[in-house]
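A short worksheet on the structure shown next.
To keep things simple, chains are lettered A, B, C and D as they appear, and every chain counts its residues starting from 1.
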Amino acid sequence: MIEQGSRHGSVSRRTLVRGLAATGALAGIGMPFVARAAEPIRIGFPTPVTGPFGAEAKDQIRSAELAVKQFNETGGLNGRMAELLVRDDKLNPGEAATRTLELIEKDKAHFIVGALSSAVQLSVNEITRSRKVLYVSISQSDTINEAKDFSRYTFHEALNPHMTTAAVAKHTFKKGTRVAYLAADYAYGHEMLRGFKRAAAAIGAETAGEILHPFGAPDYSTFMPRLRSMRPDILCICNFGRDQANSIKQANDFGLKKAARIVVPVLLHNQRLAGGADAFEGVVGASNYYWRLEETVPSAKAFNDAFRAAYANAIPTDYGAYGYTAVRSLLMAVKAAGDTDTDKVIAALEGLTYDVAKGPERYRACDHQAIQSVLITESRKKSEMQGEADLFRILDVEAGSEAALRTCDELGHRA
Amino acid sequence: MNPVPQAPILEVEALGRRFGAFTALEDVSAVFGKERITAIIGPNGAGKSTLFNLLSGALAPTAGRLRFGGRDMTRVPQARFAHLGIARSYQITNVFPRLTAHENLRTAMQARASRYDFWSRRDALSGLAERADALLADIGLAGRRDRPAASLAHGEQRALEIGIALASDPKLLLLDEPTAGMGPEETKEMVALLRRLGETRTILLVEHKMKMILGLSERILVLHHGRLIADGSPAEIQADREVRRVYLGQSGGYGHA
Amino acid sequence: MQTLDQTVVDAPPGAVKPQRAPRVTAGFSRWRAPLSILALLTLPFLLPSQALAVNVLIYGLYAVGYNLLYGYTGLLSFGHAAFFGTGAYVTGIAIGAYGLHPLLAMGLGTVAASALALTVGAVSIRSRGIYFAMVTLALAQLVYYAALQASSWTGGENGLRGFTVSRIGLGPVSLDILDPQVKYLFVLAFVGAALALISRILASPFGAAIEAIRENETRARACGFDVERSKLLAFVLSGLFCGLSGALSAIHLSIVPLDSLAYHTSGMAVVMTLVGGAGTFFGPFVGALVVLVLEDVFSLWTPHWQLALGTVFILFVLFLPRGLWGSALERLSFRRGQS
Amino acid sequence: MTSAFAALDLELIAMQLFSGVALGAVFVMLALGLSIIFGMLGIVNFAHGNFFMVGAYAGVFVMERTGSFWAALLVGPLMVGALGLLVERFLIRPLAGRSPDDPLLLTFGLGYVLVEGVRILFGSDGLPFATPEELSGVADLGIGYFPIYRLFVVGVVALVLVVLWYGLERTRLGLIVRAGARDPEILRVLGIDIQRLWLWVFGLGIALAALGGVLAAPMRSVNPEMGNVVLGEAFAVTVIGGMGSLMGSVVAGLLVGIVVSMTALVAPEMASIAMFAFMALVLLIRPQGLFGKPGLGV
């Protein structure tokens, strides 16, 4: 995959040189606009190819490239082709900032799409907003919606903890349910905890207790006696990635799943694979995409089919789908704007409604958050799985609505 | 020329050192300064090294007192010993291996002159380089000025070893087996050097080569099992029955222990 | 004393640190800082991007600062990320939360890093050798977790943001820091000044004192050097320059990631210094250049670039312990010795 | 925090103490190999955590082929131990006579290679490792429930300690090893092949790290980065206990387990800091660690 990325990278350099040479030659005969029309639309794509989320990154790249390919096959922007400049951010915000600077300063990228962790996303955003470059972020976070980090160049295609927790709570909490929380002690963990508790308060569920655990902790045994003593009906585990796999597994070992239902804000395809069917059995969470959505949503079917055709019958995963929806919607806006001019594309994105993989989506004006559907999924029992990729059961699809977001006011955006 | 100081330079009072339950040195008292060269002898494990370490400040005593030039040194940190005028050499060559011979001496001299100067150029410190050259000539290493110490021959390293001790221009020089590992020729040259040095300062040395000690030193101290068992002129020591018993019982005569 | 006996004895135990410092003549040491700065002026033309060139400057200074302790004083620390990160965080917080002038903020960051170095140094120099490495590592971990916890100050895992410096006013002049060329020269000005200062310190009597301690601690103490105090001073100086490099990185990236305090960042200082040549003035800079460029190039070819990095590093430890620059200097002085 | 204190009762505290001891057993396991290699060879193995991780993967590898956890528990560490022998022979031994920093630096580089090697062979995602059937489930301890598998781990660690103690104190080989740790010269005088001894001690240390990895696999997710946290934990434990002291590793491991567990009860988010703060405290009072010899590098 990365080989493709690098080929794109070097192609871009060569085409840039060729393009410049052509500009010079043609300027001589007074036809500069022809050369300009041939200039590719460059989309910088920082993603953590190395590191623990390598598999998710690979999916993102494949999906994003699929979107680029489809754009180019349908003629591009009046003949201008798009290209994806993939860069490895190594899941390190400093590295990501350097790569983004390179993409903007050296590669002259028109747009930036990508990032897979909240920290990396915020660092890319910091670079792009000061350089006035449009950035479509595809990593989950509440922070990026808030006025402090937001800029008019910032778009957020991914879900955020507020949306996912509200959807999960709506489906699992009842009035009087006793809920215990185990949350990672960092921004993302706090955001998920806040979201759940807010939803719980609205529904009338009770808080049995909460424990903040150190971010990146490998062992959760010391929290289990207290969690058990809270006697919850539901255990909300608010963390991500490896922390999620470890804590669910250990909660299971301590027999907590027999006493309580385990609920998470986000149920990830690859974490479920790493954690195993037994540990995750019956765990409920939210997701932006699951391939079996194709049974009810036509655009999902079209996306899956295109993906299967391009990548040897593979299916797209949740984080992979973000690569597709983000790049696809961006290129739709470029087409609508008829130009790569940042201001024009911003205006086009703000006015766009797109349905490319999961039903209709649009960006809210005040914080550029994509209003979209949220899937509630449950991890399947091993014996009930129909094939390797049949990991989840879709319990419900919460349709996209602005009511699911925090108000512009609350986020600090002045109307 | 320079007369040997008549006032006692070093006073040792009931000095002792324990390591846990083990007593390495006990109740040693002596006054030094009258004689130019004093030798300390004794079988292996007699406490010679411990005594040297106490006298040079490398170890703090667990009992007794130490006075140098009338000043109490019992609790003074080691670095101060060099500043006040006590220097030592080591039995195993202990130089700065990757510095040149000249730098070895200049650095050692600098320890007394300047330690926390971040700004001057070290080679421009007043007169140090010249003094190091002079000392280099003194110990016969002028021709090896810019060779790294590690690449010098054994005898040359021994000379440099003593040169470093001399660099601080000490009033009291503690030499730990200065001729260790040397052949007869080298030993002879070292003895001549020590005689010369003894003219201007007090020297205390630990040695095993009895013949050399008898010819060189004016006074001999004998340690055994951490205690001082004899203290006197070479003739007195040779006649001492206790000393004979210790040495004869050990290896059948004076010699290498 | 010059006899025919030429038996070369082994270097004394405890002084066997053969990988450092081929010797450079005093005349050259006067010119090393200006020459280095000249060399660094060419970097933006040689490297694929300005951003990478600025990173080389920053990490080069970081490694040079680290080398002050490892290469010249002989203390192997595995916790220098604490100083790099502190320099960066304090700079960022001073600008973002208190609106300080960027230069003042950088000064504050550097001072804070030095103060932390004084504390960490005071605890860790009581242990020696390998133990020292572990103690510094563990204390740096403590700083890392503290920064993670103090998220209202540091932004926690999300990193510190919101202090982008776009212009720096210097009296009548205002520098556009968003312009990559201006930024490069701005950072180079600091790095160049730091290099000149470090060169001067290394050539000073204090430089001689720490070298003596590196070469033979026992003897240095017997000669009258206060070993503990000198080590602590070297530690603080090293922390100061690493802190400055951190402050520069905050200005450069306009974020401070939590990773800047992580074990990995400490390790980078060690890797770069060793690859370039510990105990040589410019070696660590060469190391930073090589490591960062390799990382840049390898990561375009393969996601498994760390395999190459690790292997290259192992080969250096095994076969080229003096590092690239150190070996080159050695070859040079050998040839000079021949002629 | 008030609600946390309100919830405290004796049973919970007792349970928390027990969790701490059980977690401490894991820490002891992590520190043992590191400590043995340092005590004998004077080498700080910076790849220790990565060998732990490789051990877990070796366990997965054997488990997938044989389907038996017991085979994985036995064969996994042996495989990784053999890898350790190769590392000692071809990477560590050539550094003999050089600065003691060099093996440390080498193993630091080796860590990168091991992580990337595993990523290439097994992918960068984690792998599942189910708790063995016969050890799954929870036991009622009277004060609360505890996973049977974790009790089993405590038992294995105790067994390993007994075997190590017997080997060191009661056998001729142990005598040689102990003498060698005090003064390698003695062994040379006695005509013992010290290189071969070091080879096997290094292999043993690595095998212990790997055994820790296999034991941890059913508790934690198996992934290429799982060794990174472990390295920090193992360092903290050995520094607290005193480098090279087996007794120190055991006592410090249990102490750290209890400290972490008790912190988890009153201020759970501080559990990671607690370990390093405890270490800083010990260092301030006793720089050589609880059981460290003051002469040894301190």
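Everything that follows uses one rule, which is that contacts are C-beta pairs under 8 Å (C-beta built on N, C-alpha and C of every residue); 3 or more make two chains touch, one makes a residue touch a chain.
What you see is a predicted model, and the numbers here were worked out from it, not measured in a lab.
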Most distant chain from chain B, judged by the mean position of its C-alpha atoms: A
Centroid distance [mean C-alpha coordinates] between chain D and chain A, Å: 37
Where chain C and chain D are represented by their mean Cα positions, the distance between them in whole Å: 32
Between chain B and chain C, centroid-to-centroid distance (C-alpha), Å: 40
For chain A, residues that touch 2 or more chains besides their own: 50, 54, 185, 214
In chain D, residues with contacts to at least two other chains: 119, 124, 269-270, 272-273
Where chain B touches two or more other chains at once, by residue number: none
Pairwise chain contacts, counting only pairs that touch as defined: A-C, A-D, B-C, C-D
List of chain C residues in touch with chain A within their complex: 48-52, 55, 145, 148-149, 151, 155-159, 161-162, 164, 166, 178, 180, 249, 253-255, 257-260, 299-306
Contacting residues of chain D [partner chain A, same complex]: 3-4, 7, 12, 15-16, 19-20, 22-23, 26, 119, 123-131, 136-138, 144-147, 149-150, 219-226, 229-230, 260-261, 264-265, 268-273
Complex interface listing, chain D residues touching chain C: 38, 42, 44, 91, 94-95, 97-102, 104-106, 108-113, 115-117, 119-120, 124, 228, 232, 235-236, 238-239, 243, 269-270, 272-273, 276-277, 279-280, 283-284, 287-288, 297-298
Residue ranges of chain A in contact with chain D within the complex: 50-55, 185, 209, 211-214, 216-219, 221-226, 228-230, 242, 245-246, 249-250, 253-255, 270-271, 273-279
In the complex with chain C, residue positions of chain A that touch it: 2-3, 5-6, 9, 49-50, 54, 88, 90, 92-94, 97-99, 101-102, 105-106, 118-119, 122-123, 126-127, 130-131, 141, 143, 148-149, 185-188, 214-215
